[in-house]
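Report on the structure given below.
To keep things simple, chains are lettered A, B, C and D as they appear, and every chain counts its residues starting from 1.
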């Protein structure tokens, strides 16, 4: 057994330990590396920034589940902070049943922080099942799908929804999702009704959305925790996204080193074996 | 009645939904609005079907004294607890109710943590399995490393061309490849939908007569 | 002359204010009287009010489009127009209800609240914060119900073409026509892997994914499983099939049993090798990894729908030194398979392999239909490029979203 | 006090899941089975109070009592009753003798959703993409995007052998696919790492208040 082979035989729990340490250390010794803003994030920021204050509401679809919380919740918080500081009204809804509790948690946190009033600055429509049927139904009349808000108040009694009938009265819609919901908004709200749609998705999905950005089917895109960190930078309110970027840097470097080492060991072991075979022959 | 009738219903409802997209007539659109609500209702009931199946699976495990039936008790009791808190606790949907607390402090941490396990597995696989054995996998790994560096702040510190290269990868080769896949998958989805509507694809009916 | 007009208008306005005209109250704000003393000159009226049925989006007859020319005092002239008041009524000469107050500078409005087929009259006046101009009238006009959404014609045309191809190929395959599908290189890799397992006297592991039975990838996987089972039956190599869904397990049992019978080696079929492990994703992956380490299969085949567990399976298999062939249409998992397996069927290749092996009409129909639609797509794209060069921009606009 | 207890529960469960990294163990299995039950119960309650109660139960009662139902688009109580009844029919599958009745609502449901998707998918995934790719070949980038799509589509074309020109195009396609997969790979790694960072942040920040 040569050195390469022995190197490759190490218990993988050592690698787990290395990752664990690499993620924790930057929390205590932050590097404070600057986060550069990319174009898809800037575009989403600009689209939200252009919404006139105290007028037609931004529709925020918090469609994620707990499994992708660390990537998507920072986005919710940053978007809500941006909207509220511009006095833009926000109507929140969800297409995922677990999104119900997660939407409330993000919405109430920011509303409390910034002194926003339910019904006058924001409202929560709740959850509705049946993705395509919900999105298409809202194109006809939002009240067909959400007759009342999450707490049983008829929509007609909510001030910020006064005069809001369907997508014609929504300047921008943003879906935050770790599954196909974000795409469904493109298919069923943008395509038939011309609604402007922005999305925040997990990094796993982000690369698949570039064709939609290119065509303009999406006005902007936040990809993963990095996208949230960029947005936090734009609104100048650093939170979980920016805080996580240092650990992200360190672990990426570590993983790249592991890939390189693994390949060196593999090819080294293979060459050694070939040499041995040649010598034996 | 057993096979032909549901196939006919499937055909009619699918055809109507496909055709209404092109017909703005109010009569068609009114019916479309109503059918959308029907579909939503059916989806809600179909979802709850899953819960019933879950109860059955675990009930069987307990009744047949399966080895791991203790865990089945955990699942069933947790389910009953949530239903109890949801239906019989007055302020079930208010934030801070026991129902909400269970969600925020039990479901959220477990589900969120499950997938974060993968960060460890990715690291170990990076060392032990991701090999540049062919031209294809070499290309893949090189692109992956550039993107991984280019999307974190440290990449910019190493060299400013790394984020630019990342952007180019995303907006040129990635765009073309993903667009090709998108078209292919889209056509596949449409072909499947068509076969379902026409009754060629009947897997949804299950077995039996 | 101008002065005379001004004086006349002033007296008229004063008279109106004095009698408290209903109209003045309707249009002037609360402090109307006070500011009337400062500005008593009404703006010039808007010109050329036209109304027509809204056609741009072939609607359901509930929209009417209204256009007008700016008042001479909007922007130019006195420049004091603050907006326009649009009213709608059902009878000629009647003012009816105020429909909308529109900001100055606009010359276009779409009324989205009309009843199809009902005739309406519209009137518009300019307004400068205190005074309203003369009213201009237009009508009657009715929203016409459209039977076809012309802006979506391109979707319909191409969709019908695609469906025609899919149904034609499905029918042709059903009648036994020989439809050419090229051989997928991955299939050779599968055969080599099974061959090597036989040489080494070790089993073959076939994981059909963790999708449900109604997942197309699972169905495709079962077709490939049948092919693999025939090879292992011929070579008398043990075939282990772990599953994550009870229904998939019984389907897999049927498939393998039948394959062994067809090859004429039914006795070699071992029902204990088709196993249900767990519905839970990570528990399933853990159990499969256990099989890899204990029973040491020489060939691992992963075909079907995989999620995050792909990584765990491929890593352990690689570590154990098995030949690995994977196939999935889950795009997000493909990178892991490509880097950790010897060969990977990517995306539609999985379906193509399945159709190639099973020759099942419905699989072939979908595959061939999609294939030729890709050719149509390429032709459209090339035509679009040419259209750009010769300046026919409408061609691309025709099939893009409108 | 209550807040501390709840946070501790969250932290203990988080650590139980991480114990799987060492090896499969009863703590992990407990957490795994617990979450299945909790989430099923949570979803059931959310479905009922957000959808079934306002859209199925209450309109029927309101219309029956002569009131006006909101949001249903129907104005007679029996019309509001139909979708609910169809939904209940789905449950006949648990009674083997009449299980086939459950296929009726399933047919409407499966067919309806299949029909709804057709045109928007054609438009969003095929036509718009081709339109956006019909680029004037005036820059290297445009040529690469056009060539890359041609290659990728050729690679997934199965009706002819990949020989000659087709073979070259398919090779081009595979190069683009691999770089595209590389981007996905990098992003997927990033995603998983972010999830871990989020959980560590929860443990250090929300539970232990260390940072």
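One rule holds in what follows: a residue touches a chain if its C-beta (ideal position, glycine included) is under 8 Å from a C-beta of that chain, and two chains touch if they have at least 3 such contacts.
Note that the structure is predicted; figures quoted are calculated from it, not measured.
Chains touching both subunit A and subunit B: C, D. Common neighbours of subunit B and subunit C, by the contact definition above: A, D. For the interfaces B-D and C-D, the C-beta contact count is higher for B-D. With centres computed as the average of Cα coordinates, no chain lies farther from subunit A than C. Between the Cα centres of subunit B and subunit D there is a gap of 3 Å. Per-chain Cα centroids separate subunit A from subunit D by 14 Å.
Chain centres here are Cα averages; for subunit A and subunit C they lie 20 Å apart.
Under the contact definition stated at the top, the residues of subunit B that touch 2 or more other chains are 21-22, 29, 33, 37, 39-40, 43-44, 47, 93, 103-104, 107-112, 114-120, 122, 124, 126, 128-132, 136-137, 140-141, 144-145, 148, 151-152, 170-171, 174-175, 178-179, 181-185, 187, 190, 192, 194, 204. Shared interface positions of subunit A, defined as residues touching 2 or more other chains, are 16, 19, 23, 67-70, 98, 101, 128-129, 133, 136, 144-145, 150, 190-192, 203-204, 207-208, 211, 214-215, 217, 226, 248, 251-252, 255.
In subunit C, the residues that reach two or more other chains under the touch definition are 152, 155-156, 159, 162, 282, 331-332, 335-336, 338-339, 347-348, 373-374, 377, 400-401.
Contact residues on subunit D toward subunit C in their complex (touch as defined above): 20, 24, 29, 32, 36, 118-119, 122-123, 126-128, 130-137, 146, 149-150, 153, 156-162, 177-178, 181-182, 184-185, 188. Within the complex, the subunit B residues that touch subunit D are 1-3, 5-19, 21-22, 30, 33-35, 37-52, 54, 56, 68, 71-72, 74-83, 86-87, 92-93, 99, 101-120, 122, 126, 136-137, 139-148, 151-152, 169-187, 189-190, 192-194, 196-197, 204-206, 208-209. In the complex of the two chains, the subunit A residues touching subunit B come out as 8, 12, 15-16, 18-20, 23, 31, 33-36, 38, 65-70, 98, 101-102, 104-105, 108, 128-130, 133-134, 136-137, 140-141, 144-145, 150-151, 192, 203, 207-208, 210-211, 214, 226, 245-246, 248-256, 258-259, 261-263, 266. Contacts from subunit B toward subunit A in the complex involve residues 21, 29, 33, 36-37, 39-40, 43-44, 47, 93, 95, 100, 103-104, 107-112, 114-116, 119-120, 122-124, 126-132, 141, 145, 148-149, 151-157, 163, 167, 170-171, 174-175, 178-179, 181-182. Every residue of subunit C that touches subunit A in the complex is listed here, in rising order: 112, 331-332, 400-401.
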